[in-house]
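Can you read through this structure? Questions will come right after.
Chain IDs A, B, C and D follow the sequence of writing; residue 1 opens each chain.
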Amino acid sequence: MTNVTVWNENRHEQKNPLVSEIYPNGIHGAIAQFLKAADLDVMTATLDEPKHGLTEEVLQKTDVLIWWGHLAHDEVQDEIVEKVKQRVLDGMGLIVLHSGHFSKVFKQLMGTSCDLKWREADDRERIWVIDPSHPIADGIGEYIELEKEEMYGEHFDIPAPDELIFTSWFEGGEVFRSGCVFKRGNGRIFYFRPGHETYPTYHNEQVQTVIKNAVNYVKPVQRKRPVYGNAQPLEVIAKK
Amino acid sequence: MTNVTVWNENRHEQKNPLVSEIYPNGIHGAIAQFLKAADLDVMTATLDEPKHGLTEEVLQKTDVLIWWGHLAHDEVQDEIVEKVKQRVLDGMGLIVLHSGHFSKVFKQLMGTSCDLKWREADDRERIWVIDPSHPIADGIGEYIELEKEEMYGEHFDIPAPDELIFTSWFEGGEVFRSGCVFKRGNGRIFYFRPGHETYPTYHNEQVQTVIKNAVNYVKPVQRKRPVYGNAQPLEVIAKK
Amino acid sequence: MTNVTVWNENRHEQKNPLVSEIYPNGIHGAIAQFLKAADLDVMTATLDEPKHGLTEEVLQKTDVLIWWGHLAHDEVQDEIVEKVKQRVLDGMGLIVLHSGHFSKVFKQLMGTSCDLKWREADDRERIWVIDPSHPIADGIGEYIELEKEEMYGEHFDIPAPDELIFTSWFEGGEVFRSGCVFKRGNGRIFYFRPGHETYPTYHNEQVQTVIKNAVNYVKPVQRKRPVYGNAQPLEVIAKK
Amino acid sequence: MTNVTVWNENRHEQKNPLVSEIYPNGIHGAIAQFLKAADLDVMTATLDEPKHGLTEEVLQKTDVLIWWGHLAHDEVQDEIVEKVKQRVLDGMGLIVLHSGHFSKVFKQLMGTSCDLKWREADDRERIWVIDPSHPIADGIGEYIELEKEEMYGEHFDIPAPDELIFTSWFEGGEVFRSGCVFKRGNGRIFYFRPGHETYPTYHNEQVQTVIKNAVNYVKPVQRKRPVYGNAQPLEVIAKK
């Protein structure tokens, strides 16, 4: 059984009635609900809990961590960020959603600014499948269409993804690499673009399918980190 | 004219007569010498200079920075590391040599531990060309053979390189991805494995050819960073 | 249930007692046996059967095709090669073993010569894991060691693989990208190097683990090929 | 001095006055003109010449071949296709433009169908820079805007490119990977999408800049093909 922890900053929900109306149990609650319905073992954690809900114990049992943040990236403690990053390198899967592109943990794992263009103007978004062989796109047609979303536009300052699965078209004239797999250490990371808090994006069944597929894709293989450091030779080295 | 700055920790040279005998002008001096002979505009900088020799002015005029460090990665000030990283994202080329795999700047640009296996046992190394179409391998035969070198072995904890150019064979039984290009922001990075301080590796003409080719390859294109942040639409967005 | 078809040229087994002693049921028989034990639905097919055993019906029901060939690549009919290639583009997984690097179907899917260096001299081979996050390496330690194998050495004339999972070290001084994933159309391809006919390589449990993992990895997602050709606009195009 | 050969099918120009008005010297003539102005050594060749203008001698002296075809891909003789492919694997650069995606030589080098969606409906196209570090994008702003172009849409059935440099936005709602580098053997290939025959696309200065940059990028390094085949050991192999 795969253990998923859905982490949410959970601030918009407290401040903006529009958001709490769309997501009465928070964005984390909405995501947890459809993952539970897919027979996954799901917990949630939020910024304002002690240690942001990400204790050593929680992280150790988490196979896949889902991350949604926006307003308060700076309030996430560096110590927790470092622990999450280490867990990813040790094999934990990580799914970073939407504005999580600017989270400390994603920026540190990418090594780049992770900056992009953005606009809140009710753009139509069409998320095209670029890699039809990929399990994360399983069950998705040629594209997912979202009537209204925040626009994210290129250039998206990330390393070239190890796998590019989706690219978005926006009504206002931009494109964006909106579904990207990155491998780091023993872990796999999936960045998925849609999910602005004022739209019901996580109630969209196709968006849910992608996230469920991604949980399955980034869950860890069962292996220890490689052995690093000083190494005895495996063959005889000639005297020179 | 391409401006190259060769940065060296320059500590082994002060402590170990074997090293100062091989590199009487320091590793930086040896590298600067063959780059100057290739008609490049070359400066050097070392750890113990003020700001490690990497002032704002020096960084701004540097097109390509070469980095050799080993004993004192921790002594490099975080502020300087951050400036170097930003310059790379702004377009400056970076060539990281040998034990520089563990430098702060390389680790932060990679997002991984950059750990590896190692052994000082006079292994023979054979650096095979994996990408014969690549300009960095121009003028190199099928492989470069080094009679004695420190061994670095897989697993090398880096993101999959954007371009894998060389892979090393070691006498003691290991392999290593020894020539890797990474693109980050507007900049390009080349990691090149050989160069342990107690061997005359940087006097090897083929090793020199690779580094000269790499300077030419990672030098910046002349462009500003992309425009990030809030963006006006380029097309009319329908009312919904 | 995943349907696997193991295709084998099955000529060495008829000619060389050494081979038939190691593989009394043929290389295809040995591979089929350990796959069946892993609860897969397994068929075999060989060159000398009508249509090489790869009828339209067989290909349509095959989820993953495994290919071993060597002496008689030229005897495989172009018509069958074309059908196999189309099935891969339509989503069928393909695992190409060892000397299958020179099969018509692999060369046509790669677009390159697929040439390499080789030597039959009882080299020790050590197959290092380069991508510890990959499901194909699940259950494998740091490396697989084979006491004797044919050597394959770089340069291996393939496109850069989409995922590089293993790299081999050979006693005689060479390296080789020995585990490579390629995506083509809706299908996924895994090339796995070991398996010279005069060594008991396919009786090695770790080699078997890799092939079982690979079957699971390259099996198709359930999707039709994308819609190609003339397309109606999804948005209104302005008169200009 | 780099030798460029611009190959054009040159059929639309004979049949359609609209095309010959835009390109009075043919598409090949227009491309040759701006390349000559960039101090390159430029020849042209067309389908209806003997051997399509691509004799052994021409191919041997060509450093970079540019390919535009559409109506008559099937009339290109297989023998010439094979020679062009071999020259690419031997190191010759290849730039495939627009409808050349369906040329025999491109399909054989890719190994896939190279199919796509298309529409002739005066779509506006906006070609976004995805890789700002890349020399092929040097001198290009954030995007190239073409008022009217034929639409090409995903899914584009190619292997994931080694370098993805541009992605297009189309007015009618699609996206497309419109600037892609592929490495095959010793050669480099650049596919560049724009250039429908009824629009003055090759008179656009930014499009010209991209093609000039690409010539410089894909021109060959000076090296022989690697040595393939049976290889003597470089180290002593133990008796076992």
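The rule is short, and it goes like this: a contact is a pair of C-beta atoms (placed from the backbone, for glycine too) under 8 Å apart; a residue touches a chain by one contact, two chains touch by 3 or more.
All values derive from a computational prediction rather than experimental measurement.
Undergrad: State the chain with the largest centre-to-centre distance from subunit D, centres being mean CA positions.
TA: A
Undergrad: A-B or A-D: which has the larger count of contacting C-beta pairs?
TA: Of A-B and A-D, it is A-B that has more C-beta pairs in contact.
Undergrad: Using Cα averages as centroids, what's the distance between subunit A and subunit B in whole Å?
TA: Inter-chain centre distance comes to 31 Å.
Undergrad: Take the average of all CA coordinates in subunit A, do the same for subunit D, and state the distance between these two points in whole angstrom.
TA: 36
Undergrad: Give the residues of subunit A touching no fewer than two other chains, as numbers and ranges.
TA: Answer for subunit A, listing residues that touch two or more other chains: 124, 126, 129, 131-132, 142, 153-155, 160, 162-163, 171, 173-174, 183-185, 226-227, 234-235.
Undergrad: Give every residue of subunit C touching subunit A within the complex, in rising order.
TA: 91, 124, 126, 129, 131-135, 137-139, 142, 162-163, 171, 183-188, 220-223, 225-227, 234-235
Undergrad: Can you check the complex and tell me which residues of subunit B touch subunit C?
TA: Its residues touching subunit C are 126, 128-132, 142, 153-155, 160, 163-164, 167-170, 173-175, 177.
Undergrad: Looking at the complex, which residues from subunit C come into contact with subunit D?
TA: Touching subunit D from subunit C are residues 89, 108-113, 115-119, 121-124, 147-148, 151, 153-155, 157, 159-160, 162, 171-174, 182-185, 226-235, 237-240.
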